[in-house]
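Some structures to go through are shown next.
Two complexes are shown next, each including chain A; its partner changes from chain B in the first to chain C in the second.
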Partner chain A sequence: MYLLTTQDINDLARELQKTHAVYGPQVNAQTGQVFFDLLAESELPDLDAAIPSMPVKEILFPQMERILKYSYDAQAQRVTLEKQYGEKPKVLFGLRPCDLAGIQCLDRFFLGQEFVDDVYLAHRRQSLLITNTCTRPWDQCFCVCTHTGPAADEGFDLDLTRLDDGYLVQVGSEKGQALADAHGWKTAEHRRLAEKAAVVDRCVERFPDQAKDNKAWISRAMNRITTGFVKHEIWEYIGQQCFECGACSFVCPSCSCFNIEDVTLCGDSCERLRTRDSCSFSGYTRMAGDHNPRAPVEDRRNKRFFCKLSYTQSKKYLRPGCVGCGRCQLVCPGDIGLPNVVQYIRRETTE
Partner chain B sequence: MTHSQHHSEACRDTGRCPIVTFPEVVNIDEIKDEAPEVKTFYLSFLNPEVVPYFRIKSGQFIMCTVFGAGEFAVSLPPSPEHDRLHITVRSVGKVTDALHALRPGDKLGLRGPFGNGFPFETIKGKNIVYVAGGIGLIPLRSSIVHALQHRQDFGRIILLYGARSAGDLLYQTDIEEWKKVDGFESFITIDRPESGWQGQVGYVPNLIEKAKVPVEDTVAFVCGPPVMFNAVIAQLLKRGMSEDDIISTLERQMKCGIGKCQHCAIGRTLVCTDGPVYTYHQIKTLGEVI
Partner chain C sequence: MNYQACVCNLCGTGCGQFLKTDGTRVLGVAPIVSHPVSKGKLCVRGWHANELLNTNERITTPLIREDGRLREASLDEAVSLVVRRLGECNGAADEIGLLASARSSNEDGFALRRLAREVFKTHLLGVGAEAGHRNSMDSLSHAFGYPGAVGDLTRIDKADYILIVGTDIARQNPIIGGNLHAAQRRGARLVSLSSSRTQMAKLSTKHFQQKPGTKALVLNALAKALHALRTVNHARHADIDRLAGYTQYVNALRTISSVALENASGIRYEEIEEEAQILDAARSVVILFPSGISGLDKRTIEAICNLAVLTDRMDDPQSALIPVAGISNLQGSFDMGLSGEAGHSVFGSLADPDSPLRALFVVDHDDGIIRNRERIAALELVVYCGAFRNAFMDLADVVFPLTAYNESDGTYTCADRRVQLTRKNTDTPGAGLPGWRVYQAIAEQAGYTWGWRDAAEVFLAITDAIPAYHDLTHHRLAKGFGIHWDITAFPAAGQMKFHEVQIDYPKSPTCEEFPFALMVGKGRHFWHQNNLMRKTLIPRREYDQTLLLYPQGYVEICPEDAQKLKVKDKWLVHLTSSTGTSMKIAVKVSPDVQPGTAYIPYFIKNMISDFLIRYDNAFSAGEESIIPVRIEEK
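This part shows the complex of A and B:
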């Protein structure tokens, strides 16, 4: 546990930039939107910025990514293949606890099942995660309900908390410890932990009563979905609200579905792209010959909520698939972001 | 490039080590016309180092890259032992059309083998009934050859197979070979009578009665179009076969083959890693299947 000044934090970011690609939150001067972007040489992470518009998974699991390049000479019947997913080391500087929980979900899913996903592993193996404790909630936040914030418990390399006179730095891994040792940071006294707890408490206080006082808010809904007690009419209603735009999947920190496509660049040269996909699209399960086994109605549109909230499905993440960032609620044109869906299901339960 | 670079770096080997992410190049040695729009491609690996690692179980599938067009999932018809590596494919879309335009000497990419395979460990000593319609024989071929190679391990081995016309029947030379194996019974039918056809006429489900398909100590492997599938299942259940003894193999859109892309999810199972082989009991409880 160390205590660093803002200057120390900035120096650390600058120093890491020499060896790593450093990503951090930045406020767009024109739109006021926050993006978690690659920092240019002169730029520093803005640790006071709001929760980023897009989830930080973008860096480890991009919207579109080239995984293979090949060229095929039909005349000579010869092919050359080139692997594309070797990546340079990255630092995620100042990510919010909900985004960290999303990365943990992706870690468990991509790296912890029968097969290991090489592409994700290549990104993840060389990444350093530095979290930033939230000192206030934003409009869409409900991490207190999903137990993912306002402070991170585990899974980070370094964790920063803004106190009155500097940043409290906690170490969460060997990688993080090595950084601390190399810099000879000033050790923080034990009382600083109480100060951090006060920061977290003040943040929780600012959440709406409904969120902070109702710990069973999401687990009640999970229970109903897992045991199949949600009425079909509720699913139908939710399905009818869906525009099938896929935005919820793209802004969700734990959504991991992808598509693979070979694209011809010019002549013989091709690239294999891995792009994010959404289970709400009708083409998602369509096979060659146009047979589509998945029922076109609410079945497809509700699949995502089963994936996030049904115990049998979300156990692949070892936690609920929802991390409480509230982005789906912000972007959904049909008003069926995950908190609303939980609300519909709970309302039915209480009726 | 060495073998280890092609395989998953974190491959948790349990005796099998599939090609996971980076496709391995194979040569098309020979192309055979099986039926209209259906061709068999005989393949061999360019890199001999891969061969000992590429161990298949009958019922598994591979991801096949047609360079410049894309990748598709296709079942493996060769038996695990003493059989040339080949795939049989009907042209039904962009990638398979491109495959059909290739000639011998052209190259393909290959990943796999993936999937669970047929449960041969648990069916020793039983009768096996194969029920196939049209190109449904392709995923069953591997297990038929395997069963005939281990003839002594099983009771009766019966093949009920049907196609639209005599020209649509696949693996005709193979079937002639299989008939020479002692105790192999085959009933082949086509939908409508045609000149020169001496065999059965009618639909596959009708063969079940004709073949006097046993029920006790018997497993049925069923694969074919949904209409045939449902009719066959109804017949078998009516004869008293248990839902756990009816086994089929499913197909879905697949992109990765290793349980990550989620395109083949049915309920909480993934066809690529939990399947593609399921019992009828499992299929019935999954929902949205056929």
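This part shows the complex of A and C:
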């Protein structure tokens, strides 16, 4: 446990930029919108910026990625394969705890099962995760309900908490420890932990007034969904509101579905593209022979909430699939972001 | 920061879109949270713009046809060829026609019009989807004094009463649909008038499901009930009764018979009277209707305008009347003067085998429908300009590569007159140029000096020439999210007038022999003839899956009719029209259509060319065109 000044933190970011691709929160000047994106040489992560508008998974699992190029030389009868993605080590500097939880979900999906996804692994293997404790919630947040914030408790390499007189830095991995040792950071006294707890408490206290957009009683909804107690009419009403845009999946830190397509380039070469996909699309569940187990829109729609909230799915992630970021609520042209669906289910329960 | 703000170019809503780009390639998309209309949302098209903008199917160099094949050429060579060959034609005698694109920027459109008039000297100028939008513009000009929306799209968020006439806006302009749904949830009364039960209708407070072809009648009946109510209540609303056309209008409304109304439209007058009470109590009213390719017919639009004027709510700061364009810059194309002139129609010239037309200059045409293909193929010169490869290239003698919407600066005017600026954020692959540069090069070669160095300078010329744009500049537009063009540039703005109406009770053209009223609508994953969406990955998959399920297209009928015909979903049937054309097509059984009606999305080529083409009004009357057909089990 160390105590660093803002200057130290900035120096660390600059130093890491020499050897790593450093990503961090930035504010778009024209719109005020926050993105977690690659920092240019002179840029520093803006640790006070709001929760990024798009999930950090963009760095590890981008919306569209060229993963392979292959070409066939007919004369020599030779096939050449080329890897298309880079492996430069990355630093995710200033992650919000909910986005870290999202990465943990993705890790379990891409790396933690029978098959390991090479592309994801390549991005993930050399990345350093530095989290930033939230000192205030934003309108959309409900991490207190999904146990993903406002402070991270595991999975980071370094964790920063802004205190009155500097940043408390906690170490979560050997990689993080190595960094600390190399810099000889000033150790923090034990009382700093109490200060951090106070910061977190203050943040939690601010939820009722500041995080007003979403209140999700997740545990209750999980129970209803798992036991299949949600009435068909509720799903139908939810399905009717789906405009089938796919946004909820694209912005969700824990949604992992993708589509692979080989696109022919000029001549004899081909590019393999991976793009994000969404269970809201009917082409997504269509099988060979035209059978679609989830043809009606409401069947597709409830799939998402099963995935985020049922026990069976949660066993896979070792936590609920929803990390409480509220993004799907913001981007949905219907009114069926996850926190709202939880509301619908809860309302039905109380009725 | 790799995220660059711009305007989505895939429909007339004009949503705020970030493109994630490294300057050479578009990597992703994000919505702009602070955009006043889209508010951080995008539809399936907008979210997949990155796929479109990454397609390999780009035109990257000028091409010239030689010995039947297109070969690469330099810009100079292509420009010289066009100037020389078009120089041999007499534009003033309608020998040269131009087809503009309603997706091009205002700068491109303005330059193209100048090319047509100043250089080619032709009046034959048109833009796809113009017939529908012209009806809207004419009717609005008559009723409100200027050719554009009354109010703007943000008023949906505050209005008391919202009426949507005849469009599944949830599919065609989904983000407007989302805002309407939000309005309904906050307590606005959302009323849909459409013959089939669209998603928007399902999300409405009230759905009037009228029989096909009777929207105008129902709207007039609503006006009658509203007027009657006000007469009884002695409510004097401003000076509505002094407006031009009032007496004729009100007298015509009085003649509406409840019985005839119900017979024709299937809707009871009492139901309409109840609705009129709610409408009367509303302080602000927003009315939306589709405009452009699937727009409404003239008499329906006039009925809408009349009703809007009669409500006497149109000057409320939360009221609006908006022709919702399906194509991004349809409104701007009209503002730039690209729509045809009376007596000179490109489409007419193409259809008429004896017209003097010898050459055609086409920009970014949607290739789903190339009407009059043989006529075009027989022309002496066809020039095609576009960003994406397209079936029209097969007909072209010269091809110019254009930039995509994020590859050059340009302004776009969306459905509600909001003019927004998109800045170049990515390099164009190959030698693509903004349209105005190509047209200027042609003009220069022909001996004209326009002297524009960038799009901002073209825009300056626009502000000089087009009064409604007089106070705009790129510099002003760069801040915030666009500015609505100035209606006060039209001297008649604010002087309301009624349209003359005739009450008729459309009888269904169906008969015993042809008992189904067939209507041409849109399929879910079919936009803009799919010229663009077919170049994406995910939306194309969604479209393909419709085609896989219904490879020959489909006709939607209700379960009762399916039972009567003894057919099931996906079974093939014979569809025969009253003029004798026929086709084989699959049935799609859907509870959302009324008994006795059949819907067909018009994306199947054979259908367009062989079946519908005889029905000229299927294109011009849009949603209101009805074809009597017989459906038989195969």
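Here is the rule we use: the second predicted complex is superposed on the first by the 328 of 351 C-alpha atoms of A that agree within 3 Å, B and C clash if a C-alpha of one lies under 4 Å from a C-alpha of the other, contacts with A are read in each partner's own complex, and residues count from 1 in each chain.
FYI, contacts are C-beta pairs under 8 Å (C-beta built on N, C-alpha and C of every residue); 3 or more make two chains touch, one makes a residue touch a chain.
Not measured: the values here are computed from a predicted model.
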item: Clash-or-fit label for the pair chain B, chain C on chain A; value: fit
item: Partner chain(s) touched by A:N28 [first = chain B, second = chain C, both, neither]; value: second
item: Partner chain in contact with A:N259 - chain B first, chain C second, else both or neither; value: both
item: First, second, both or neither for A:C279, with chain B first and chain C second; value: first
item: Chain A as apex of chain B and chain C, Cα-centre angle in degrees (nearest 10); value: 80
item: First (chain B), second (chain C), both or neither touched by A:M64; value: second
item: Contacts of A:D117 with chain B and chain C, given as first, second, both or neither; value: first
item: Which superposed partner A:M54 touches (first chain B, second chain C, both, neither); value: second
item: Per-pair minimum CA distance [chain C against chain B, superposed on A] in Å; value: 9
item: On chain A, the residue positions that both chain B and chain C contact, one per complex; value: 259, 261, 264, 277, 286
item: Interface residues, chain A side, partner chain B - complex; value: 67-68, 70, 72, 74, 77-79, 81, 83, 109-111, 113-119, 121, 256-262, 264, 268, 270, 272, 277, 279, 284-289, 293-295, 299, 303, 310, 312-313
item: Parts of chain A lying in touch with chain C, wherever the complex brings them together; value: 26, 28, 30-33, 35, 37-38, 40, 53-54, 58, 62-64, 240-241, 243-247, 250, 259, 261, 263-266, 273, 275, 277, 281-283, 286, 290, 330-335
item: Chain C residues within the chain A interface of the complex; value: 1-3, 5, 16, 18, 20, 27-34, 40-44, 46-47, 50-51, 54, 56, 170, 174-175, 177-179, 181-182, 185, 199, 202-203, 524, 537-538, 541-542, 544-545, 548-549
item: Chain B residues touching chain A - in the complex, by the definition given at the top; value: 5, 8-12, 20-23, 25, 65, 67-72, 92-96, 105-107, 109, 251-253, 255-256, 258-266, 268, 273, 288-290
